[in-house]
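As written, the chains take the letters A, B and C, and residue 1 is the first residue of each chain.
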Amino acid sequence: MSGPRASRGMAGASRAGRYARRVLAVLIGAAFVFPFYWTVVISLGRPGEFSSFPPVLLPHWDWSNWSRAWHSAPWLRLFGNTVLIASCTVVLCLVTSLLAGFAFGVLRFPGRKFLSLVVLSVLMMPGTVLIIPDYVLANDLHLLNTYWIQIIPWGASVFGIFLVRQFFLTMPAEILDAAALDGASRLRFLRSIGIPMVRPALVIIAINVFLGSWNSFLWPVIMTNTNMESGDTVQPIEVGLSTFASAEGTDFPGLAAAVTFTTLPVMIFFLLLQRQFIRGALSAAGGVRG
Amino acid sequence: MTIATEASQAAAAPARPQRRGPARDFRATRWGWAYSAPAVLVFLAFVIVPTGYTFYVSLWKWNALNPALSKFKGLGNYQRLWDATQPTFLSSLWHSLYFTGAMVIGGTAISLALALLLQRGGALLNGTRVAVFLPHATPVIATSMIWTWIFNYKFGLADWALHSLHLPTSQWLQSSSSAMPAVVIYSLWHEVGFTTVVFLGGLAMLSDELSEAARVDGCSAWQEFWHVTWQQLKPVTVFVVAITAITSLQAFTQFYQLANGGPAYATTTLSYLVYEEAFVFSDTGYGAALAVVLFAVTVFFTLVRRRTASGDSHALV
Amino acid sequence: MRKRISAAAGLAALALTATACAGGGTSTPKSDAAAGAKSTGGTGTGTGTGTGTELAVPTGPVTITFEEAMTIGTLKPAMDKLVADFQAKYPNITVKLQGEPDYATMYTKEKAEVQAGNAPTIGQAYESWASYFQSSGVLAPISELAGTDTPPQLSTFYKGIQDDTKLPDGKTWMWPFNKSVLILFYNADLMAKDGQSEPKTWDDYASVMKAVSKDGVTGSTIDPGSATAAAFGTQWFEILAKANGAALYDKDGTPHLNDPNVVKALQYMKDLKDANALATGKNYPGETALGAQKGMFDISSAAGYGFENKTVGGKFKLGITALPAGPAGAVNELTGTNIVVFKSASADQKAAAWAFLKFITSPEEQAGWAATSGYLPVTSQALDQPALKDFIAKNPYETAAVSELDTAFALPGFSWIFKCQGYEATAIQEALENGKQPADALGTAQSACAAAKAQG
């Protein structure tokens, strides 16, 4: 039998392979993170240091840029706004994606094809031209300078709908047939079988929509007025970053500091969620096979 | 298989007395559209109606501030597309396709490779996963600013690294030939984190039995990947390719931040040109015509992709 | 009736009608003016020569909105002080600042607001934006506020600033705000070490640039601008061309971009680039290079002094001087924006806005504004104010900079001139990066600009 020998050989190869894989992973990880590291170094550097050559690669632990950046905008308020806007958008998006993905992936109804093409066409329109018509619409609806205008227009995602649809399409026909045989209602099916099955898709959508919401800049700047002092601003955190650039120059170290502390929460968010993501994906895989 | 047969038999069989009517299949319904209505309404208000408006405006020399001053042009704006020299329409189209092609091929290959490298690992690989994802979690507006320092000709980090390794340095964003590659490098750095996570999700759902069977059959790692893993990942790949292609065709912020469409239009894509005409130059009608063309290009590629997808029922887009 | 006219008449003709007819601005009741913004007919209440009566400062409570971009660094406190001082003098008037992060965003937003019928009372605007707003009939001319097209305050401003408040129709549509000119920043230590001195002519400048470009130092790094945004490098090119005696643009906007003197300016830049004495970059590259001790010079706005100083961070002595001169003498170009008044404001708001505009350009306020923000005072009377005297004592370059405000030029105020500046920037890039001959690159720019002018 060649089996045992082969597997021993593989074990030997895989030990070396494991190390190679780890070294490679560390190098790649470092390459991806390096721009952030450098940003942190700049943010902790002395004045004029960001423009030194060769580049300064170790921080000087000068926190003055941080304190200047911290006082330049009501970050906590902006942070709260962002969390509120992003969470509401995620919830709305999950609901609309789940329902529409279910409709397009499972249900059969007249006009399904047409509607899914309509939804698909949404992806193909360049967003930049829509901003001004949307502004006029928002003005007519009295939605300017509100949280709503930052939530509702982003509360449906073509990407999300089609991801959910795809999960439903790859679902074994037996499950659907069995449920149909069982006389399950649509909503019951969706609740007890559908949601658990598409959970990984929902996690991906949640991450993506949350980040999209977190990172949006042009939209809130146009749809809301910058009013950093008055404590009742509805603007998100990214708008705060714009307070470092002007027509006459840019406060690079201040910007670097602000980028660092506005990015940290997202980092933590992903650290927490990525486990859930993998676990969700695994359990769904288990569900498909079982 | 057997369940399906039974189901069809049951459906054919006379109704059981305790149920209302025959075993109704919940999938067939006239009310299906109602499930898609919340999403469709949002799109209708904020995308589809404005898109219709854009089509309309593209037929005018439109004065956005005072529509009464607008002049009907028919297809005049589309005619202007062909006459334009600075930049030509075809060069912008080419830049869009160049960027999209590089992102689709590079992005898919790199994120699949990263996913294979980083799947099923301990804390260390977990850390790398976070590292790779991190750029995607940060705003383009901020990170592209960081990258303009990195790409700084002569004293940026990128040139410094090449110089230290005794490699030829580049002018990066300052030269027409290297500007687009520089934007691609930045965009890959920013985007592959997400597609890697999507691939990781796909890999996590793979059947272990099939891989084991392949190994028992004496397949090499490469054969196993090619015949088993890759085949099962196909729907995920299709998804990644489609989403990357569309987002790349529409990409705008990095072009704006890193290169302003230059130097000498080298990074002026259709999507950037739309912005340039409609926003900067307030040539609303012409910008709208460009937007319609970009829309048509996206639709065209989607159709081509669907046709060539050889009847893959999971095809997403 | 008006609808029918607008359907029949051409765009340009109608814009003329809109400004020439109508009239009677001061008698317009409040509600009527507000409604005027909503109705989209080709109406305009622009008064040709003014009514002779200046709007009186309102006595009741009024709120005006000011869309501005003075949101960072030293600009913000300077802006806040203007508003605080004004509100202290006129307690019944509230000035609401509507800060925008950058000019591109501000322009987009101002356009969106006008379209939605909720324009601010006043807003910052470049000359080309003002031209676009004016041709669409959404601006109120200064004559509607001051009762005359040439209010007495105007004559106290520097000559270059006065000219800059007019659009090509010859009327005053803007009021000056954050104005500046370009000046030359340099590494004084490095210059002393290399045994060079401040260049007085552009020829001197070229020879110093070439002499110091060694050991990893490049004479200067410029941002040539792009098709969508001019930068200091674009303006430097325009200054060089004018210093060579080129017209660049006629008063009616006719471009002369392939004029031999313009080609000479681009050739000058190309020669420096080929001699490795000039490099290009983005995002204030000259400032970065200067700060990194990798560049000798940076041509930048006088208002950028605070940023330059911070970037240098005390690593060496920062020298500042006026721009060198060319065969046609010393030439400089205005930078920064003006303020426009939107037509949709109520009569009270317009009156309050007029009081505000006069107030912030008074010598006392200009002195404080200039000393804090780094922008230049628009009137020479500000120089005698104590606040500015102290500032000039510490920053002698200010004297040289303000002296150029009388002669500094601005490109003619047409909305499409913006496109042409983009073609200039592209020609610079083609010549410097892609090895194109300056005459060819500028020939392309010339025909593209002529086409843009024809498009309107």
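The rule is short, and it goes like this: a residue touches a chain if its C-beta (ideal position, glycine included) is under 8 Å from a C-beta of that chain, and two chains touch if they have at least 3 such contacts.
From a predicted model like this one, the values you see are computed outputs, not experimental measurements.
Within the contact network of the assembly, the step distance from chain A to chain C comes to 1.
Contact count check for A-B and B-C (C-beta pairs in contact): higher for A-B.
Chain centres were defined as the mean of their Cα atoms; on that basis the chain farthest from chain A turns out to be C.
Between chain B and chain C, the centres computed from C-alpha atoms are 39 Å apart. Rounded to whole angstrom, the centroid-to-centroid distance between chain A and chain B, based on C-alpha atoms, equals 15 Å. With touch defined as above, residues shared between interfaces to two or more other chains in chain B number as follows: 64, 145, 149, 154-155, 275, 279.
Listed for chain C are residues 108, 111, 115, 283, 288-289, 292, 294, each touching two or more other chains. For chain A, residues that reach two or more other chains under the stated contact definition are 51, 53, 132, 218, 242, 245, 250. Contact residues of chain B toward chain C in the complex are 61, 63-69, 71, 85-87, 145, 148-149, 152-155, 171, 173-176, 258-265, 268, 275-276, 279-283.
Interface of chain C with chain B (complex): residues 3, 6, 10-11, 14-15, 40-42, 104, 107-108, 111, 114-115, 132-133, 136-138, 218, 221, 224, 226-229, 279-283, 285, 288-289, 292, 294, 415-416, 418-419, 423, 425-426, 429-430, 433-434, 444-445, 447-448, 451, 455.
By the touch criterion stated above, chain A contacts chain C in their complex at residues 46-49, 51-53, 72, 131-132, 135-136, 139-140, 144, 218, 221-222, 225-228, 239, 242-251.
Residues 1, 3-4, 6-7, 10, 19, 23-33, 35-36, 38-40, 42-43, 45-51, 53-54, 64, 114, 117-118, 121, 124-143, 145-147, 149-150, 154-155, 157, 160, 189, 193-194, 197-198, 200-201, 204-207, 216, 218, 235, 239, 243, 246, 250, 252-253, 270-271, 274-275, 278-279, 287-288, 291, 294-295, 298-299, 302, 313-314, 316-317 of chain B are the ones that touch chain A when the two sit in their complex. By the touch criterion stated above, chain C contacts chain A in their complex at residues 69, 71-73, 75, 98-103, 105, 108-109, 111-112, 115-118, 216, 283-284, 287-289, 291-294, 301, 303-304, 306-308, 310-315, 336, 374.
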